[in-house]
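There are two complexes below, and they share chain A, which is joined by chain B in the first and by chain C in the second.
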Partner chain A sequence: MHIYERPRDLETALALLAEGDWQVMAGGTDIYPARVDRPLERPLLDITAIEALHGIEETGEGYRLGACLRWSELRDRPLPPIFDGLRKAAATIGGRQIQNRATLGGNLCNASPAADGIPVLMALEAVVELRSLRGVRRIPLVDFVRGNRCTALAPDELLTAVLLPRPRGRSRTTFLKLGSRAHLVISITMIALALDCDPAGRILRAGVAVGACAPTARRLPLLESRLLGRDLAEPLATAVDTAVLAPLAPIDDIRGTAAYRRRATLVLLRRGLAELATPLRGAA
Partner chain B sequence: MVAGPGGLRFVLNGRPVRSRAPAGARLAQVLREEFGLTGTKIGCDAGDCGACTVLLDGAQVCACLVPVGQIEGGRVVTVEGLAEKNGLDRLQRAFLITGAAQCGICTPGMLMAAADLLARRPSPDETEVRDAIGGVLCRCTGYRKIVEAVLLAASDRPLPTEPDGRMGARRIRLDGPDKVAGRAAFGADRRPREALELRLVRSPHHRARFGIGDLEGFRARHPGILRILTAADIPGRNGFGIYPDLKDQPVLAAGEVRHRGEPVLALVGTPEAVRKVDPEELPIAWEPLPPVFGIEAALAPDAPVVHAGRPDNVLIEGRVRRGEVETALRGSAVRAEIAVETSFVEHAYIEPEAGFAVRRGDSIEIFATTQAPYMDREEVAAVLGIPAERVRIVPSACGGGFGGKLDVSVQPILAVAAWLLDRPVRTVWSRPESMAASTKRHPARIRAEAGADTEGRLTGFRFHGDFDTGAYASWGPTVAQRVPVHATGPYRLRAALCTTRGIYTNGPPAGAFRGFGVPQAAIAHEALMDMLADRLGMDRLEFRLANALRPGDVTHCGQRLGDGVALAACLERLRPIWREERDRLAAGRGREGPLRRGLGIACMWYGLGNTSMSNPSTMEVGLSQEGRLTLYNGAVDIGQGSATIMVQLCAEALGLPMELFDQVLGDTARTRDAGKTSASRQTLVSGNAARLAGLDLRRQILRLANAGPDAELRLEGSLLEVREGGRLREIDLRRLVPGEGGEVLRGIGSWDPPTEPLDADGQGVPYASYGFAAQMALVEVDLELGTTRPLRIWAAHDVGRAVNPTLVEGQIEGGIAQGIGLALMEEFVPGRNENLHDYLIPTVGDVPEIEIHLIEEGDPLGPFGAKGVGEPALIPTAPAILNAIADATGVRPGRVPVTPDRLLAALAAAKVQG
Partner chain C sequence: MGQFGLGQAITRKEDARLITGRGRFTDDGPPPGCAHAVFLRSPHAHARIRSLDCTRALSMPGVLAILTGAELDAAGIGPLPCTTLYENRDGTPMAAPERPVLARERVRFVGDPVAAVIAETPHAARDAAETILVDYDPLAAIVDTGRALDPEAPQIWPEAPGNLALDWETGDAEAVDRRFAAAHRVLELTLVNNRIVVNPMETRACLAEYDPGTDRLTLTVGSQGVHGMQRILAEKVLRIPREKLRVVTRDVGGAFGMKIFVFPEYPVCLHAARILRRPVRWVAERTESFLADTHGRDHVTTVSIAVDADGRMTAIRASAIANLGAYLSQVGPFIPTECGAYMYTGVYRFEAAHYRVRCVFTNTAPVDAYRGAGRPEAAYAVERAVDFAARELGCDPIAFRRRNFVPPAAMPYRTALGYTYDSGDFPRLLDAALARADVAGFAGRRQAAAAAGRLLGLGVAYYIERCAGGSPEEARLELRPDGRLRLYIGTQNNGQGHETAYAQIVADRLGLPFADIEVVQGDTDLVASGRGTGGSRSIPIGGAAVLRAGERLVARARERAAEMLEAATTDIGFAEGSFFILGTDRRLSLVEVAAAAGGLEESDSFQPEAPTFPNGCHVCELSIDRATGVPRIERYTVVDDFGVVVNPALLAGQVHGGLAQGIGQALLERTVYDPESGQLLSGSLMDYVLPRADDLPAFDFDWVVIPCRTNPLGVKGAGEAGAIGAPPAVINAVVDALAGYGIHHVDMPATPHRLWRLLERVGALLA
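Then we have the complex of A and B:
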C-alpha cells in the first residue's frame, strides 16, 4: 500500500520529514503529470491540511504568503499594487483548474526553468522561509532556486512561506509572458518588473527578472541599475539593450530558438517598462 | 493514514459517500473505477486537456491531478450531478440546441468548467467565458458553439425550441443527450467484469534491433502478470495496413523496431500488476541503430533502408499529367514558384485509444474506438487467422478521429490476448503512448510552379511533393495518389504535371489526417495564386474567380465536371466582404506600430470518397409491429454527426418523422458495411444509402397500400396510415408477419459513387463529386515578436445542400481550428512532445470569430443535393492564414507551422521591421 500522510499541523509534518524520505505534495499539479505512465513510488507528504501554510498576511516587514496559497487566490483577491505582476502571472499558470489547485510553494520547489511564478517573486526580491526541526532559515529566492529542478531545500526542510519586503515607495509591478497559444501554454520567455517609485515617479528600486531563458529565472542587474534614479515618465525602454541580457543562457528547443528568446525578451522588457510608465504619466 | 478504516468520506453529487481507494489515487480514476461515474473523461492524466474537469467545493479542478486524500469532507460534482431531477439542466440543453457537443469527449469537462463560471458569474461576458473554459481542450468544435452555448445558458432568454423537420432542419444531434449527460460510452468507459488488463511495452528507440530474454522468469517475479505476448504468439498474420499488399506494420515487432513507440511486448494481467511494471525492467536487449529522419536523409544514396523490400525508401509514386506543362509555362506572361515544407501533425483527439475484447467460443468480439469497423474486422480476422465472419466489431462512441482512428490500434492485440487467454481483456492507452504510436499527418516537401497569360488565365502548373510516410505505409499510398489530383487547386488549366512520392523514414507512421495531404498541397497552390495575381496586378479574389472551375469544365485529370460545382458562388459571396476589408486595411496602413494586419484568401476542392475505387455503403431500415423504425447504420459517427443526418435523410425519403426512429450503430453483427468514416464520404455515400433504404421501405409500404408515389404516410402506434388525395388506407402492422429480427418490413439501400480508373497519367474520373470552398482570414502579425493572431475568418462552402446546418457549421468551425493549428503551432517531434502541453493545439483563445456562408446549389449526385464537408472545412484555412501573413508583412514563410521564432527569422532576413 502506498504511503500517504496528510498532517494537520506543521510540527507533525516536520517530524515526518526528519525521519524519512518523502515527496512533499501540495496542489499535486506537477507531481501527477510527471507520473502519467507509472505509479507514485515515494511516500507522499500532503501539506495542504496545515492551516499555517495558507493565507496572505501583512507584516511589519512586508507580506507573508503561505506556501500553500493557491494561484487562484492571488488572481481573484483584491490586493495592493505590489501584487499586480503576481496576479498577472497567476492568471497564466495553466488553466483555471490548475490555478485552483497549484500553490505558490509548489511552483518554487518544482523549480522548472519555465515556472511562471518565479520571475515576479524574484523581481520583488522575495525571501523564502524554510523550516525543519533544526530551525528556521530565510534565504532570498534567487539563492533558493539553484538550477533546473534543483533548489536549496534540505531533505528535512519544508518551504513554509514566501516573504515580500515592503516596497520602498509606490510599487509598480507587471509580468509579460510569451507563448505560442492563448491558454495553457509553457512560456517561450517571460519577464517580470517590480519598480518602487517615490511620489514624483523617480525609481528608488528596480527588480527585473526573466524566466525560461536559463536553467532558472535570472535577474538582470545591469538593467536594474540603469533604471535606478530614472523617472517613470522618461522613455525607459532606452535602458534595454542586448548588454542587459548577459545573465541569460537560453537554449534552442521546440518552443523557440535561443536567438529568438533573446530578441523576444528585449521586446517584452521594453513593453513592460512602457506599460508601467503609462498610468503615472496620465496621472501626472 | 488519511483514510480511516471506514474509508474516506466526501459528498459526491449531493450524496455522502466513502471511498476505499488509497489516498494518493487520482480522483478521476476513483470516480470512474470505484463509483462507475464514467462521465468524467481522462484525456491526458496530466492536467493538459481538462476533459476530467469536475467541481471540488464549487471550483473547477482537473480530477486527474487531485489525490482523493485531499477531498476528505469536500463536495465533488461531476457531469452526472449536473442534470436536474427532470432531465438535463439549462446549460446542458443550451449545449444541445447550439450544437456545442460533437464527439462529446470534452463535453463533460466543458460543462463543468462552464458550471463553475456560471456559479461565480451568473451573467458573464464572452471574455469571461473564454477564460473559464480556457483550460479545456476541444479538437472538434473550434469552440465557437461552446462559447455560444454558455452565453445562451447564462442569458435570461428562453432556450430556442428544436425545429421540426428532416432534410435541412437544425435538429439536435441524436446522440447529443447522452453526450451532454456523460452517458455516452467511449472506448475506456466499458469493461467486462473480471477483464484482464493489457499494456504494451514500446520501443524507446527510433530504430533498433532487439532480443528478448527470460520472460518466464520475469513473469514469475511479477505475480498478477498472467502472460507476456511476443510476435511469436500472433496466431495469424503479424501485420496490418490499409492496402492488401502493404500489411507492413507488425502487431508486435519481431526483432526490429522502426519507430519510437512501436510495440514489442504485451503484458496481460490484473490491472494493478500491469500498471506497476517499469518497462525498463523487462529483459529486452536493445541494439539501437542510426535512424532515418526526414525526406532528405531517407533519399540520400547511402541512407539506411527502412524496409528491406524498398532499397531506395520510396514506398510509392503518384502522377497526374495533362498537356505539355513545359510549353505552357514557357509561354506564360507571368510565372511564380514556391517551396513549402510541413511537419508531422498529431490528431490529438481527446479520447486516447481504448477498448476490450471478449472471446466467445470460436468467435471474438471487440468494443473499441474506431472510424472503420469493417476494416477492423478484416484486420483482426487476419491477425487471428480466422474468417472475418467470426469477428464482431462493436464501435464505442468515438472521442474524435480525424483520420487517426482509421488504422487499427488496440483491436488486433486485444483480440490476440483475449483469444489466447480466453478471458476478457481491455486496454487504455495513455496520452504519451497514443501520441507516440498513432499515425500523423504526413510532413511534406513541396515545390510548385504556375504561370498565367496576360489575360490572367492560368496556363501550366507543375508540382512535386515528397511525403514522409514514416515507418509504415498506412495511408501513404492514398496521400500519394490523392495529392496529384488536387495539387493544382480548383482551377482551369491548359497543362499540368503533378507528381508525388511517399517516403519511408523512422518517423511515426503517417496516415490519414483530414485531407490526406491535400491541406499541405493547398498551401502551395494558394501561395502561387496570390503571387501570380500580384504579378499581373490583378485582385487576388478576382484572379481566382476568373480561373475557378465551373460546371462543364475539364479538370487536369481530364474529367468533365457536371453540375454541383459552386466555387464561383463561394467567391462571389465573399467578394463584398473582401473588398470592404481590403479598403479598411488600406486606410489603416502606415499607423499600425509593431502590429500589422493582413487579409488572405484561399480556395480548395476535395474529391469525396475513395480515389477511383469502389467504396459502397449499404443501409437498412426496419419497421416493427409496434410502429418503430430502426435504421441499421454502419457509418461510425466520430462527432461529425452521421448518426443524426442518416436518420434525417432516411426519414425524408421515407416520409415519416425522425421521432419514430431507433438506430443500431456500427456493430458489424447487426449493420451492413457502410464503409469507413473517411474522405468526407458519409454524407454523400452513406447518405445516399440511407435515402435509398428509406425509399425502398416507402415503396414496400405503398405497394401494400396500393398507393401512388405521392401518398402521405403516418404512423400511429401499430397503425400505419397511407393517405392519397382523399383516400385513406390503414395498415395494422400487428397483422403483418414479422420476418427476421421481428420486423414486418425492411428497406435496404446501397450506393457507390460512380468513378472510373485513372490511367498512368492520372487521366480518368477519380471522384463522382467534389466539395469546394473559399475562406478568408484576417490576421494581425506582431513584427517584433513574430506572433500571428487570427482576428476573423470567413468561410464560404459549397455543401450542395446542408442536411443539418448546425452540424455543417460545427464541421467548418472545427476544421478551421485545426487549420489554425496546422498553420501556426502544430509540429510533432518524436520523443520531444508526446503530451498535450508541449504539443500545442488551439485553445478557445486561439480561434477567432468565424463567419460562415453555406452555398446551397445542390449536388446532382448527393442525397437531396447534399455533399460532404469534413475535410473541405480544414483545407483552405492554413493557406488563407499564410496568405494573410504575406499580405501583412510582405514575407511568405515557406515552413509551417509559422511559429513566432520562424516568422521573426523570416522577417529579419527580409529586413521587415515594426
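Then we have the complex of A and C:
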C-alpha cells in the first residue's frame, strides 16, 4: 500500500485521487496536530510539488491564486490594495512558522468555523476551482464551505485555485480579529470588508463577511446593500446595527458568549469601515 | 570582585549547550530496547469502576505488560504519600485518604490513571490502551471550590464528610475580634485566586531502568531535586532500600514547583522495568500535562480589614477555601497553610491578624505548589484588600499604603503572625518605583487614553514573601590537581541558571577561573544529599553552603600552603586565588597547593536560622478598550529588594519570567472544569491562554540592595517574586481603570469578555 505520494504534475495527482481514498496534504499544519503520534488512517497525497498549484497570476477576469500559495507569501509579497485584507488575515494564521507552511487551499478545505482565511475571500466574492479527471468546476466560496469542517469537495476532486474577480473600481479591503490574546489564538470573532469604489469614493460593490460566529463564515447582505452607493467619506458606522447580524448564529463557549461575539462584531465592523475611510493608496 | 565575581551580569554557562541543541532532557536519546508506557485515564470526573478487562489489550501486537492497581498491590507497591499532614483547628487529625498509584474501585477526576500499557512502541501501547474495557458507573461530580462545602455537594471521600480535608487556622482570633469591634470602619472583600495549569515547556517524562545484576533501579526524571524523589519513591512507594534506587535529573525545561513531586507514572514505569527487565519510558502529551499534572492556586478568600479613625489598619482577618483537588498531593495541604499563611499581614503594621483556611476535595486534578506556592495567594488577597479598603475610605491607595507600612526604623520587625522581617525599606522602594513609572504624568496619559476610547488605570502592589526557610543544604567542592573544580550540590537547575550562579560564587571566593568550575547536580549516586530547588532557596541556602565549603577548602589549603612556604598559618594571606606570606611577595596559587596535595576536597552545609523576606513594588499601567473590553498593559515597573545580587542578568530573567506568569494569571489563564460533567474544558493550548511576548510590555526593572541580615551572602531569593507581585498590581490597575463606574473588584483572569460584561453592566460600553 502507498502511504505517501508526492506527484510533480496535476494529472498524476488527479489520477491517484480517482482511484483511491487519499488524505490530501499541503502544508500539513491542520493534519499533523490532529493525528500527532497516531498511525495514519488514509495514505497521504502531498500536492506541494505540483508547480501549477503555486503562485499568484493576474488574469483577464481578475486574480488566480494557487491552492498551495503559502500564507507567508501573501503576507510578505508586494501586492495591490485588493490584497490588504488577505495580507492582514495571513499575518494572524497561527504563528510565523505556521504561516511559512500553511496554504490558502488547506485553510479552505479544513473549513474550520474559525478559519482566518475565509472571511476576506468571501467578502471578495472568491470562487474556488475544483478539478478531477471528470473535469473542472468553479463554484463560489460561499457555496463551497458548507458547514463546520464540511465542504463541497468530492472525494476525487482537488481544490486547485482560488479566483478573485477583478474589482469594479478601486478596491479597499481589511480584516480585523478579536481573540483572547494578540496572536496565535482562536478568534472570538473576525470581520472582513471589501469595498470597490469609483474615483470619487462612491461604493460600487460591498463585500462583508464575518467568521467564528456561525458554523461557517457568513456574508452580511443587509449591510452590503446599505453600503452600496454611499460615499467612503461619509460616517459609514451608522450603517452598522444589530439588524445586519441576522445571518450569524454565534455560540457560547469558553472563549466568549454569543452576546459578546455579536457586540464585538459590531465594533469590529465599525472600526473596519473607519479604517477604509482613510485616504486611498494607489489603484487596484 | 573579579570579572566573574558576585554582582556581574555574566552570560549563562549553560546557554551555549542549550541553544545549540546539546541539552539533554529526560526523553532525549532513549536507550536501545526501550519499551514505552501509555496510561489509560479516566474519562469521568467521578465514577465507580464496576470492572476492568485487559484480556483483549494483552493480546494486541507489541504489548509487553499491562499494570493495574491489582498488579501494583500484589507487588507491594504503596500509595503516593502526602508528607504534610496537619491537625484541624479543633485538634483532630485532618482527613487523609490514601491515593493509590493507579485508581481502584473509583476514579475521582478526569485524567485519573487507571491502567498502564507497556509495549514495544508508543503506538502499540496506545492502540492496546484503547481496547481495555472499563465499565464505569458515573457519579455526580463537584468541581467548584466555592460550592465544595455545600451540604448538597456530591461527596468524594467517606473519610472527609462535607468534602472538608482540613480546617486550619493561625493568628490570634480574639485579638482580631477586639480590634474589629473597636474599628472605625471594617472593609470586606471576597476574591477568587484562579486555578492555574503549570504548563512547563518540557512536559513530564521519565525513563526507568533496572539492573538485575545489582537489583538496582534507575529513574531518570525531570525533578527539582533527586533526593526527595528517591526517598519517597523508594521508602514510601516501592518499599525498597533507598540505595536500591538511583534518581537522575538531566536538563529540565521548566518546573515551577510542579516537578518536585512523585507522580503515579514514575513508580509504574519503575515496576514495569523491574518485571520486564527492560528500560521503560513515558512522556506526557500536552493534553496529559493539562489533565494529570498538579495545578496551582484555586482559592476563594474573604478578607476583612479593620481601620481606625486615623486611617490606620489595625487588624486583618482572612478566611479561605482552598481546593486541593481529588487527592492530597505530596505537599498539597502545606501550600494554603504553613507555606503562605504567615504572609497575610503583608508589609503593614497590623496589630493583630487571623487566617483560617478550609481545604476541600473536588473532582479535579490535585493542587500543589506553583511558583510562589501559597505566598502569591496571600499577597494577592492582602494587596487587593488594602487597595479596596483605601478606595472605600476615599483615600489614595498609594498614600494609604505608605501610612500603614512597617517603617524601616522598625526592622527587625515581628509581624502579628509571628515572622521577623530582618530588613526592608518599603517607602524607599515605593518612591523609586513611582518615580520610574512616571506616576506624576499619569493623569495626562489617562486623559489622552480617554480621548481614544480607552480607560487607563494605575495599579500599585507591594508584595513581600518568605523564602529560603527550613531545611539545610550541603555543598561539596572537589579541587583536582589540574585546577578544575567540581561543585556537588543537591539543588536542581530547572532553567534558572544555577550552573552560572554557583560558579560565580566559587570564582569570586576562591579566585579560580570561571570556566574551570563545573557544577554537578541531579544524581543521587554523585551528590550525597539535597533538599532540592523550591521556594527561592537554591542561592540563599545552597549558595551559602557553597560559600562555607569554599571557606573550609581555603582553610585546608592555607595549612598546606603554610607548610609549603615554611611559614606559620597565621602569617599566610589569601587573595585572588593565591596564598602569600604577609608582607612578602612569596606566593603560591590555590591550584599549585591543590596539585601538591593531590587534590583538595571539602564540604559544608548551611542551615538557615531564619527565612529571608524579599519584597518589592510593582506599578502597572493598563488600558481597557471601551468597545471590546480588551485590556492592554501600557507600562510595567518593578523595583525589588532581593538583598545582595549574585548576577543581574539571571535576576532579570527570573523577574521577567515571573511577571509573564503573574500577568498570565491576572489577564489570560483560565482553567475551566465543566460544572456538570467535570470535564476540563480548557484542556489544550488552543483553549488555555498562555501569555506570549506580544501580550506583555517591555518591563522596567530595577532593584535596591538592602542586604539580608540572616544570610551569609546577604541574598534574599528571587525565583518567585514576579509571579507574586504581578496579579495584584494588574488587577489593581484594572479596578482603577473602572473605578469611575463604581466597580470595586474584578476577579482574575480579567479577560476581554469578562471586562466587556462589566462595561456593559455599568453602561460604560462605547459603540
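Quick notes on this structure:
The rule is simple: the second predicted complex is superposed on the first by the 276 of 284 C-alpha atoms of A that agree within 3 Å, B and C clash if a C-alpha of one lies under 4 Å from a C-alpha of the other, contacts with A are read in each partner's own complex, and residues count from 1 in each chain.
What we mean here is this: contacts are C-beta pairs under 8 Å (C-beta built on N, C-alpha and C of every residue); 3 or more make two chains touch, one makes a residue touch a chain.
As the structure is a prediction and not an experimental result, all values here were calculated from the model.
Contacts of A:Asp46 after superposition: chain B is touched, whereas chain C is not reached.
With both structures placed on the common chain, the touch criterion links A:Arg101 to chain B but leaves chain C unconnected. In the superposition on chain A, contact of A:Arg181 is made with both chain B and chain C. Between chain B and chain C, more residues of chain A are touched by B. Look at A:Arg262: by the touch rule set out above, it reaches neither chain B nor chain C. Under the contact criterion defined above, the residues of chain A that touch both chain B in one complex and chain C in the other are 37-39, 178, 180-186, 188, 254-257, 260, 263-264, 267. Contact residues of chain A toward chain B in the complex are 1-2, 4-6, 25, 27-29, 32-33, 36-40, 44, 46, 48, 72, 91, 94-98, 100-101, 178, 180-186, 188, 254-257, 259-260, 263-264, 267.
Against chain C, in their complex, chain A makes its touches with residues 37-39, 178, 180-186, 188, 237, 254-257, 260, 263-264, 266-268, 270-271. Interface of chain C with chain A (complex): residues 122-123, 126-127, 285, 627-630, 668, 670, 672, 681-682, 686-687, 689, 691-692, 694-695, 751-753, 756-757, 760, 765, 767.
On the chain B side of its complex with chain A, the touching residues are 1-2, 22-24, 26, 44-48, 50, 53, 56, 59-62, 64-67, 69-70, 72, 113, 116, 131-132, 134-137, 275-276, 278, 430-433, 784-787, 824-825, 827, 829, 832-833, 835, 837-838, 840, 842-846, 899-901, 904-905.
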